[in-house]
Amino acid sequence: MTKTFTRSAGRAANQLRPVRITRGFTVHAEGSVLIEFGGTRVLCTASVEDRVPPHKRGSGEGWVTAEYGMLPRATHTRGDREAAKGKQSGRTQEIQRLIGRSLRAVFDLAALGERTLTLDCDVLQADGGTRTAAITGAFVAAQDAVNKLIADSKLERSPIKEAVAAISVGIVDGVPLLDLEYVEDVACDTDMNVVMTASGGFVELQGTAEGVVFTRTEMNALLDLAEKGIGELLVAQQAALKG
Amino acid sequence: MTKTFTRSAGRAANQLRPVRITRGFTVHAEGSVLIEFGGTRVLCTASVEDRVPPHKRGSGEGWVTAEYGMLPRATHTRGDREAAKGKQSGRTQEIQRLIGRSLRAVFDLAALGERTLTLDCDVLQADGGTRTAAITGAFVAAQDAVNKLIADSKLERSPIKEAVAAISVGIVDGVPLLDLEYVEDVACDTDMNVVMTASGGFVELQGTAEGVVFTRTEMNALLDLAEKGIGELLVAQQAALKG
Amino acid sequence: MTKTFTRSAGRAANQLRPVRITRGFTVHAEGSVLIEFGGTRVLCTASVEDRVPPHKRGSGEGWVTAEYGMLPRATHTRGDREAAKGKQSGRTQEIQRLIGRSLRAVFDLAALGERTLTLDCDVLQADGGTRTAAITGAFVAAQDAVNKLIADSKLERSPIKEAVAAISVGIVDGVPLLDLEYVEDVACDTDMNVVMTASGGFVELQGTAEGVVFTRTEMNALLDLAEKGIGELLVAQQAALKG
Amino acid sequence: MTKTFTRSAGRAANQLRPVRITRGFTVHAEGSVLIEFGGTRVLCTASVEDRVPPHKRGSGEGWVTAEYGMLPRATHTRGDREAAKGKQSGRTQEIQRLIGRSLRAVFDLAALGERTLTLDCDVLQADGGTRTAAITGAFVAAQDAVNKLIADSKLERSPIKEAVAAISVGIVDGVPLLDLEYVEDVACDTDMNVVMTASGGFVELQGTAEGVVFTRTEMNALLDLAEKGIGELLVAQQAALKG
Amino acid sequence: MTKTFTRSAGRAANQLRPVRITRGFTVHAEGSVLIEFGGTRVLCTASVEDRVPPHKRGSGEGWVTAEYGMLPRATHTRGDREAAKGKQSGRTQEIQRLIGRSLRAVFDLAALGERTLTLDCDVLQADGGTRTAAITGAFVAAQDAVNKLIADSKLERSPIKEAVAAISVGIVDGVPLLDLEYVEDVACDTDMNVVMTASGGFVELQGTAEGVVFTRTEMNALLDLAEKGIGELLVAQQAALKG
Amino acid sequence: MTKTFTRSAGRAANQLRPVRITRGFTVHAEGSVLIEFGGTRVLCTASVEDRVPPHKRGSGEGWVTAEYGMLPRATHTRGDREAAKGKQSGRTQEIQRLIGRSLRAVFDLAALGERTLTLDCDVLQADGGTRTAAITGAFVAAQDAVNKLIADSKLERSPIKEAVAAISVGIVDGVPLLDLEYVEDVACDTDMNVVMTASGGFVELQGTAEGVVFTRTEMNALLDLAEKGIGELLVAQQAALKG
């Protein structure tokens, strides 16, 4: 923990990359947000439909779900287009399930009514942390969509219980770092994605040792960083929603 | 032909929507262009890979191909994500084949060498004319990728023979119109996509009667409009490439 | 245009290959036509079903659609069986969409009632022009199926507005040719498929430059040829229907 | 066994339907045979390719395989096109595996050399017995393809050991019948497909009780019928090959 | 027939491998049976669901169907997992169709009521004869499931008409053998699977010549063996059901 | 935390279900282990193949990977067979990726040499905790496979660095519980899967709030439980390996 690791642009170990949240990035969706964590850019749209999947039909409850994609050349080398391959990778499915669970954690599905809110998170440019940027941006898009439902008198009160945001943390050369960019992600020994709500509760915690196992002490250091970063993201979300 | 049809924003029948071409929209691809025809926004990236498909291996020739996609909420109502459905629609395949043929028409594949240039055209927002915007933008991305190959001393001379651009034309309520936007596309009797090169030759011509057949006189009026529009797009491409 | 190109069997540049239309080629379908353009042989069946796809349900309107296939050894070298590969190629989908649009252009869907007419066009032997033979033969099969509906008192009047037929034209060594056979198709600089109705209107026009762009003058020469050829095909269709 | 069952066209219980074998039905394949068992019509093509599947590479041996398909409207009501559904049914796979095994049984794969012979059996019209017609016709197509290889000096001697043919038999209302047509197939209690060689050996025997189990005595009666029918088919094959 | 072939463990030509039938092998299914034919071990579960496939809806009749699978390392070398490949092989489909037909042959579907009984046969370890073990074990699982429906007062009387069992027979080095294990299956000239009911009727008979055709005399010798073996399996089933 | 929750069979909150590890459960695989956590039964086989996936070819390193499946009736109600559906669910892919990463964490891939070790984990019966049982059992199977490689003189020293095991923990009605069974898993507010090595390091940590977010204090209580449980599993693994 006493080692030093030089981050790009002179970033401190506990510092987020510049966060930019642009609402109304496209015009058709009920919510449309471009979120940027440094060089990572994800377009998050929220779509409202007046129907629910089979397991919710007739329940009076709604559903919140997510889909994730990456444009073939969002990355350094071109990846296969999943639509052309005819299947989504295990990684893609894992990520979209994570985004869906994270958003459902802050929704009162009964208060949503029999509607589906679909959050499409499409990565235009990738530089690490796409899933955490997606969750953080999807919340803002979801809030915009809910506000529209209220403005259109389709809902009386918000089904959103509180805000949710996410960040990655990891250990590189023994140093715990906040908000890993791509080169750090590749180099890290441990990678953890943390999803928390505004009230400070954990929604998801996914830590993976990439070669070197991690101790409970290290995990605690990572969680400290994550709590700091998510606090700042929650502030950025609210600023964007007021902007 | 003497009828009048009121277009949005007071646009004349023979007038293009505002065209915007933003180069370097994303950072990883050898060419990355956001092209906008009014409300239609397509991200075109050009990726260079040092390998060719089986039918070109050992031929000394390269290959130019295209893939097309539309984000689920690029449109008024959310469409299914093709990667999740596990197949590309016939429409998607038709469009990406058209883009690929159009670009290959201006490439000297032998001069490209055994490389593949893949043009990914992803629609971020749709308001009619996505395939013609894709072709027009893909050419700029392809030019940027070729310039990079030359700058990197991987190519001595450009394999691009001339510029190519495309526009849609159609007849709405008997009036031939240039560059249809979505509401016009839905209402039109005849829809034609025209692809031409800088030297004035036709590469592709695809006319479809949507309910009312069209005459040769009408076709000629549409081609006059298309030639005018493509001339302006070719100028816009060169301006962007110099910018 | 002053060049000469020797066609097989001493065919003139503006001459169709022998056209043969055999009705009742198979027994189960409501319409079953084997159409031959020289060595190209396509079996076109028309099937009537008392149901419509979801987008037409309850509309009072019917639907006309087409599917296209090629037997694996219809061609010089064996092609993969699409059923075994598990997907239809982009080419197949493009062609079946073209056939469907062409036939719908001459149908009054309201007069058809809530029925689906499916035109299956299966190429038994290929020698160029399979899609235009398919459209021309599918019209005859569709007419037979409609006549049967009327004979069975299921329809009072025909939903067919007029006849439709199609032909390919192209430029080989600078010479505009009517009805390309395979060796001409491979050699041509420009290839155009034209679909027209009995009243002389265009339904579809698809021109593609295969290597050399084409001029408007060339296009006009091709359209002249196509009009001539389609006129002869319309006569052949009526003769077959009276036979 | 003393009951009587009236067959169409006054056919006797032990009588085949009219068999017609048309060689050279299409022009591109090395062997191309239209075989008709009454109203059942199957196009069998034999294609020779100078490569073998992975499990035969470098073995010096060739491979014989088959694919089976049915045109969507070969039957009374239209069936789904397997290429459009994206998968072959279990029935299709079962049949094409049967055809492949039956033909391989009469081939000396070493004498074929490292070549693949693919037998495509496509049903143009179905009236029962499509798989047995396919095997019987595929043998003729295979013989034509082998003769061509010898004529082209690619083979010195024939890898075909003897002829093979197949027929269906079944019990309808207690009566053993030869060569079931569709209405008999639907009504039968037991259905058996028998594949035999010219020397009288069995290659395949597949009997299925459709509702009522069958006794060994019944089975023997069916085999007697099958032997008679296959004997006649073997004669028809040779007649066609000499024709 | 006078030759001798040495079987493993000193087994006689007309001797079954040790048969073990373990009921209640897993706890959730209505019937759950592990059946062992020597080293072949198949887990057969019977699941009852209160719905039927479309072709039985509203008919008052039920349905009996089967699915078959093999764990990737049930065999000497690891096979691909079909779920990962995205499709079931032709062999798998052929086998599960055989199991389904065999069980339906002894069911009165009207007496079952509008229910589906699904027999899942999963091979944990393979040593030849997996399909015949599956049929024999599936019958016991089906009987347990039916007994449960009666015990739960969902059925008044059993829809099972009689017991069914299956065995493989084959000719190795000219010797007819009962119940082939893997090394014998690989070496055999003829392989036959026989399915019979308790009353001695045949349900299915599938004989295949693997290289050497077989005579009617040989077939009769094989059927004699099969009748003997199935008789013993029917006894083993009843013993297990009483155990 | 002062609440009480009554577990089945009088189990204490910090108590594992009975663990049973049966080596050599099937005969063909290099390692074959049936692991039982109470009613959860998973068959884990380890297969060694002398080839590696493309990204490891020529690297001198091996690969360790896992596949996961669940028999259709391993659960209370029958689930669809993934092979029949033609795709693995997102859940299945997520689990098999987790198992693969967990095992790779304790392998020295260079010491393994250019071999692939595939761990197939198939759930025969499910009662919660299938993925953690799979990891724990897969390690034993992997150890057996490695021992066999050493015994066969294919490896000189073991590429296994240390043991790895996994357990689930969760909070039900406010009470932290070790090793959730199905009814607890359904009822829990928070569910966490923990993977640790013999040296006490974390390999994977996946916590999910199912409805109610969790605090850091709760997380620490869960980790205490997990450490206790994994300690006991590591002992059980070693006992089994010595048995």
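Couple of notes before you dig in:
A, B, C, D, E and F label the chains in the order they appear, each numbered from 1.
By definition in this document, a residue touches a chain if its C-beta (ideal position, glycine included) is under 8 Å from a C-beta of that chain, and two chains touch if they have at least 3 such contacts.
In UniProt terms, the chains line up like this: A, B, C, D, E, F = Ribonuclease PH.
Note that the coordinates shown come from a computational prediction; the quantities given were computed from them, not determined experimentally.
Using the contact threshold fixed earlier, the set of chains in contact with both chain B (Ribonuclease PH) and chain D (Ribonuclease PH) is C. Look at the CA centroids: the one farthest from the centroid of chain A (Ribonuclease PH) belongs to D.
Centroids built from CA atoms put chain C (Ribonuclease PH) at 51 Å from chain A (Ribonuclease PH). Per-chain CA centroids place chain C (Ribonuclease PH) at a distance of 33 Å from chain D (Ribonuclease PH). Centre-to-centre, using mean CA coordinates, chain C (Ribonuclease PH) is 59 Å away from chain F (Ribonuclease PH). The residues of chain B (Ribonuclease PH) that reach two or more other chains are 86-87, listed in rising order.
All chains form one closed ring of contacts, and listing them from chain E (Ribonuclease PH) in the direction of chain F (Ribonuclease PH) gives E, F, A, B, C, D. Those residues of chain C (Ribonuclease PH) whose C-beta lies close enough to touch chain B (Ribonuclease PH) in the complex are 87, 90-91, 93-94, 96-97, 101, 105, 192, 196-197, 199-209, 211-216, 219, 223. Contacts from chain E (Ribonuclease PH) toward chain F (Ribonuclease PH) in the complex involve residues 26-29, 32, 39, 41, 43, 45, 47, 49, 67, 69, 71-76, 78, 81-88, 92, 118, 120, 122, 124-126.
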